[in-house]
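In the two complexes that follow, subunit A is the common piece, with subunit B as its partner first and subunit C second.
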Partner chain A sequence: MQNAERKCRGFVALLLVGLLFLFAACNGSRELYDLGIVLGIGLDRSAEEGAVDMTLQLASGLQGEPGGGMGGLQSGEAFINYTLPGDVSLSHFRQFKLRMQKEVYLAHNELFVIGEPLARAGIGPYIDFFLRDPELRVSTNILVAKGSAAELLAAEAMLSEYPTLSLSQREDSYPLSGATSRCSLFDFVSAMASECRCATVPMAELQAGADGEPISVFNGLAIFRGDTMIGTLTQEEVSGLLFLTDAVRNGALRFSVDGSVVEVELQRSKTKLCYTVQEDGTADILVTIRSGGRIVSRAGGAAERNSIIRAGETRMQEEMLMTLRRAQELHADIFGFGDAIAKCEPDWWEVHGGNWEANLPRLRFAFDIVLEPGEL
Partner chain B sequence: MLHDIFRKIGYLIRRSQQPGNAHEEAPDERKLFERLELNKERIQSYYGNDLVLRACNVGSRAALLCYIDGLADEKFIGDFVLVPLLRPWLQQGMRLSHIKEHFLTAGDVKETDALPLLLGSLSAGDCALLLDGEAGALLISSKGYARRGVEDSTTEMTARGPRESFTENMRTNTALLRRRVKSPDLLFDLCSAGRYSKTDITIAYIRGIAQEETVAEVKRRLAKIDVDAVLESGYVEQYVEDAPYSLFATVGNSERPDAVAARLLEGRIAILVDGTPFVLTVPCFFMETFQGVEDYYARPFFATFLRVLRFAAAIVTVLLPALYLSFTIFHQEIIPTKLLFSMVGASANIPFPELLEMLLMSFTFEVLREAGKRLPRAVGQSISIVGAIIVGEAAVSAGLVSAPMVIVVSFTAVCSFMVPAHNDAFTLLRFIFIAAAGWMGGVGVLLCALCLLAHLASLESFGQPYMAPFFPLRRGDLKDSLVRAPLHDMVARPTGMTGNRRRVGGNK
Partner chain C sequence: MRNQSFTPRQLGVALAAFIFAANRFSSYYTETLRQDAWLSVLLGLLFFAPIFLLYVALAREFPGKGLFQINEIVFGKGIGKGITVLYLFFFILINSMNQRYVADFTVNTILPEMALAPLVFSMAIVFAWVLRCGLRATMRIGWFVLLFAAGALVLSYALLAKQMQPANFMPAFRHAPVRYLQSAHTNAIISLGDMLCFLPLLRYMQPGKKVLRPVIIGILSGAALTLLCVCQNILVLGVLEPYRLYPAYDVARLIRISDAFSRMEFLFTIPALLLFTLRVLFLFFAIVEGMGQLFGIEDRRPLLLPTVGLCAALTFLVVSGSGELKAFTMGVAPFFSGFFVLLLPLLTLTVFLVRRNRVQEVIGNNAECREEVSA
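After this line comes the complex of A and B, so read on.
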């Protein structure tokens, strides 16, 4: 009996050891120095029909010397940009691998930059490849370059050696200060899959720096319906979007009171939206904002505190109305109103949701804004 | 020479155990003869020139006092054996029993007529007195060989607490225990093991606390030891342990009397082996090795912190190199981007694959550690410093290994010293985990960890689960596990060790 048990145990042990060999997929080790670690990917319209110029940014100090004859090679001190035309496919990446003599490693990619012309033409076919790639993180940020993505990736970075890291970090941190919105690959694809929602992607452009060198600056947002860019929001309109989507935590609000410029630093801003649907297919939306803050600048004049607060609240409302008007003009629900109503009023949405884009200009808004600056 | 003596003693013992070996006609060679000359020749045939034979007259009878030079205390023999024997008023025809009862002032005196016993006592440092015309001898305990005094513990040093440690002398060790547990319930049962070494082994336990079944089991296992010699407690450990093929020792050991006394008071049983300062204790738990004796002398919060630190260090010791390897060659996506830059930059010009580099570094460290341990202390320290600083620095400068690899292996090495009891097991496990990580990455590490946990959970030590109080969960015992509760809260002895669990109160 004991012998049989012992044999049985031995058999199980052998079976388990044998099963270990089935982990063949795990036997894919890669040495660090074999990896071409991609930090950023840029996509631009190519001169060739049906192709895009893909730019990969790699940290140059880690990758060794680039090979000769590299087409479109741009290098700084800390990074190298490789640009090759293609159709964003495996063979396209294989071309990169052959040129770099490194394995293209996308797991640490921080940023997608899409050139505006390509964005207006539609990026769906190219994004699809990255969505299917198991290495790439869906938390990667997306950015639209006003002009060429390759040029933006080659521009001097601020506060970082790597342009992609600089841009990505700014995209992560700016919403907190009310400067711009953030859009990840996941957000973008979610908006693409939504029946009514449009994605907003930050836009960046090159401007001349103090020393004449071009530097990248965030300016406005691109609005996408599906995979195609349909319009933009100005920097002022961005602020209204952030208020309406409860994305502002801290930020500066600048306005005039009796001819004097006043700035209020917002703190702990909180937005709530309350939806009331109507039988005629319209909806009333009450926007409630409670925000703390402090008045940091009163250039001239001695306006009363209450006047400053009222002016601040009015300014916040104006910014939101500006954004709403722009969105209604484009028939683009960039705020997620449709998704929210579909969730809280499913029966109503069943009837009226099908024509949401047409109904968007008929939405009515009311505002309840309370600004409570801490000091005068 | 000693080998010949042991061989002959063994031969005599074996002959005595064989049935039908007695020759009725021939005199029994195991017994002493009446003629002193014959006995003298037989004793001389076993020993060389270290045998001291002192012929004298006791009363009017010829007598022979014999002992081994260097093993027996000559001053003791002179004061307590020879002086009483050579009194002029000793009567004629005096027998050994009379001498033992009325004249010898030595404490431990036995009478025998067996030659093997006499030879064994001589080898142990006793002296033997033989009288002409009497087939017997007095064995007088006169052990006086050179022995080390009670010194500081070198393997379990503490900042607070007693300094003294066990010695190679078993009697000294039992006295050290008796000094701490003065109760008459502390019992010492003597036995011996080793066909040739005849090593004395003492089983120590506290009656009323230790379980009788466990004591009986210890005795049964000790009685089963059938080996030429027991030269250290490690021999006994390997013969009595539950899982001889496991990497983990299921028998605890300590060279500190206070630690062993504390374990006895928890219901454990100590095994003291003559000739070694390391005392074994059973049953042994895995968690026991993370409990330093100083934990109980320090404040409970800091003691708990130290235990958590030791536990974390043990995990680092086993897993850190393997995890580093699996992250660098399989799961680079887990490494933060900027850290990855540093690591890639550091390993850019290293000629070896990461796995080989890790094995080389770990192997080099083990070589340095072993060399440092074997060499004289001063040289050993130099070797460690040279190895750690110069060789490591030079290897990085020469581009043979990367700096992160040196950091990982060095930190692992430092952590490995925090749990010295499992150092051997953890060292081997580290290499197993490295191999698994090199083969299958995180999946390999996970599989190995599961196997290790399953193995640990399956181990037992003298009927007690090795992983208690975690597997099986014994809530009451958790107070003295990873956490060290205040002493007044630890009212019960560990579960399963004793039927008398309450150790606080009730005894006033």
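After this line comes the complex of A and C, so read on.
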């Protein structure tokens, strides 16, 4: 009896081990060289009616079969860009697969690049596909290309083999230096789901490098209402947005005092917004900023420390006012004021929040800025 | 079955894990109350208190008896077996649905190319194996699973601290009162009420020990972990939370430690799968217990494979997909389950109180018979 039980146990153990090979996805296994590992996705308006040109940037180190190239594409380079028109659907990706003879693998995608003309026409239907795909991540960065996304993805990257990774890493690191803000798919969709907030997406363009070759440069922000781009912020207006959304950690502030250019490196900047709503449907917003830092250059002058600080504080206020004016012109709440008021003053919001974009120019702002640079 | 007895402390741990598992693959908490979903956990606990007292009363009146024995004592053999069939129907149904939740989640997220059938039947083999090991062994691993899941939750809190927005809880208490009631009812009946499956197993609890305290601590611990999880979902996902099918999974997918560790969803998937396995196993034990009582089979082992096979087969039949499952959980289940979770035990207790003398006579006769047989 004991012997039979032991045999039975052995049989079950054998069965389980056998099942491991059957059920652990080995039946549908895909070898590494069967995969087209996508590093970046670009979307452009297509010449075909109702279609978009999707460009996939694929890591080519793994693309080519041993000893040979892949179809009509060049191998030996770090990446391959492949563009096909379609409607960003499963069948669109299937077309890629049929042409490349590779399984399109999206799990390592680092960046979505949207061409400006397409962004102005609306990207909602395409974003929806990416949001639902289980391989893709909602933390992936988004970027708007001034011009064509395909061209931006083709431009050589400095100190990096892959343009996509270079762009994505810069988008991740620039907010730390106050150069631009970051926008992930999650941020973008959160803004779309919000009642009144507009998303801001970094923009990049091609400029001629030192050797004449085009290189990608971040320049300004695209403003989206819902899924449609409605305007832009210039690079000068970006820092105002960063101050108002408490996104500055470190950054350079440049201004002049008594005709001399002074630069302050901001450190540990912290912004707080205080809202006071009025019965007439307007609201007062007190912007409080406390920032440390250090004065890094005082070219051609020896102004007093206090006057440098005052001038710096004034410059910060000017930058914020410049951005606020631009946002009010566009009737775009890129700062999330509406969301914040809806949360802290829900009764007021129910009455006056209906036409928030129109109310945006009626907001009043007060500033309490303290700049405390550590050294002269 | 051999190796069945367990301690009240093990029961408390099992209850905590069972309750915590309930919300892992679902978003029904936030469907109704959105940013106030955390409140539904607390209100659900409040709503469940009278139901819990009902279970305590039944367990106190019939020490050492399981739910199915109580039915036969109170209603008599015929009607008692009929009511056991009703309970079995309920347990089998929720077991199959719970399995479907796990299978759908796995196929939708972790193994998108995997077919449902091999997954469900491989899970069935694991379930059968653990069931064969016995209730005590399953109760013993409860500690490990619970601590692992709680640890993973705390770690994910630390890793997501930067992405949490306390303002996502605002505006608070802005929904109509009926929605709070609806949410509390759903929570009390579905995530807490399913612990009815422990009533048939109480006959295996070691006698002579204080039971109530560890059980209450277990329920409160399970609710506290659920609360932490719901709060994390709201804090991180904000307005997007109600739109996601698996919010806790989406939250884990947002964890990123530099570029080196960007695939951290295992912090959710492994503990969640373990918790759900435990939940399904306790439902299985209740079903096997009911089957044994129904057919008068003292050795439950021959019942294991047919039960597991039946539930695995029903996994494909009860619902056709995640959407339907969610719709059932939100719309029908709170009322459908209410009949089994609240009304049937209430009926049992009421009939017992009305026929107390007759029932105690039956119990006395049975005891005498047993003494005579043993003599």
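The rule we apply is simple: the second predicted complex is superposed on the first by the 335 of 376 C-alpha atoms of A that agree within 3 Å, B and C clash if a C-alpha of one lies under 4 Å from a C-alpha of the other, contacts with A are read in each partner's own complex, and residues count from 1 in each chain.
Rule of thumb we're sticking to: contacts are C-beta pairs under 8 Å (C-beta built on N, C-alpha and C of every residue); 3 or more make two chains touch, one makes a residue touch a chain.
A quick note: this is a predicted structure, and the numbers were derived from the prediction, not measured.
> With the two complexes superposed on chain A, say which partner A:L39 touches: subunit B (first), subunit C (second), both, or neither.
first
> Check whether A:A342 is in contact with subunit B, with subunit C, with both or with neither, and answer first, second, both or neither.
The answer is second: A:A342 touches subunit C but not subunit B.
> Going by the contact rule set out at the top, does A:A59 touch subunit B (first), subunit C (second), both, or neither?
Touch partner of A:A59: subunit B, not subunit C.
> Pick one for A:S139: touches subunit B only (first), subunit C only (second), both, or neither.
After superposition on chain A, A:S139 lies in contact with subunit C alone.
> Considering only touches as defined above, state whether A:E31 meets subunit B (first), subunit C (second), both or neither.
Only subunit B is touched by A:E31; subunit C is not.
> So subunit A touches subunit B in one structure and subunit C in the other; where do those two contact lists coincide?
Subunit A residues touching both partners: 23, 28, 135, 137.
> Which of the residues in subunit A end up touching subunit C in this complex?
Residue positions touching the partner: 12, 15-16, 19, 22-23, 25, 28, 134-135, 137-139, 186, 189-190, 193-194, 340, 342-344, 346.
> Going by the contact rule set out above, which residues of subunit A touch subunit B in the complex?
Listed in rising order, the residues are 20, 23, 26-33, 35, 37, 39, 59, 61-62, 64, 105, 107-108, 110, 135, 137, 165.
> Which part of subunit C faces subunit A closely enough to touch in the complex?
Contacts found on subunit C: 108-109, 111-114, 118-119, 122, 125, 129, 167, 170-171, 174, 238-240, 243, 250, 253-254, 256, 262.
> Note which residues of subunit B are touching subunit A in the complex, please.
Spelled out, the residues of subunit B in touch with subunit A are 328-330, 332-333, 337, 340-341, 343-345, 347-348, 350, 353-355, 438-441, 443-444, 447.
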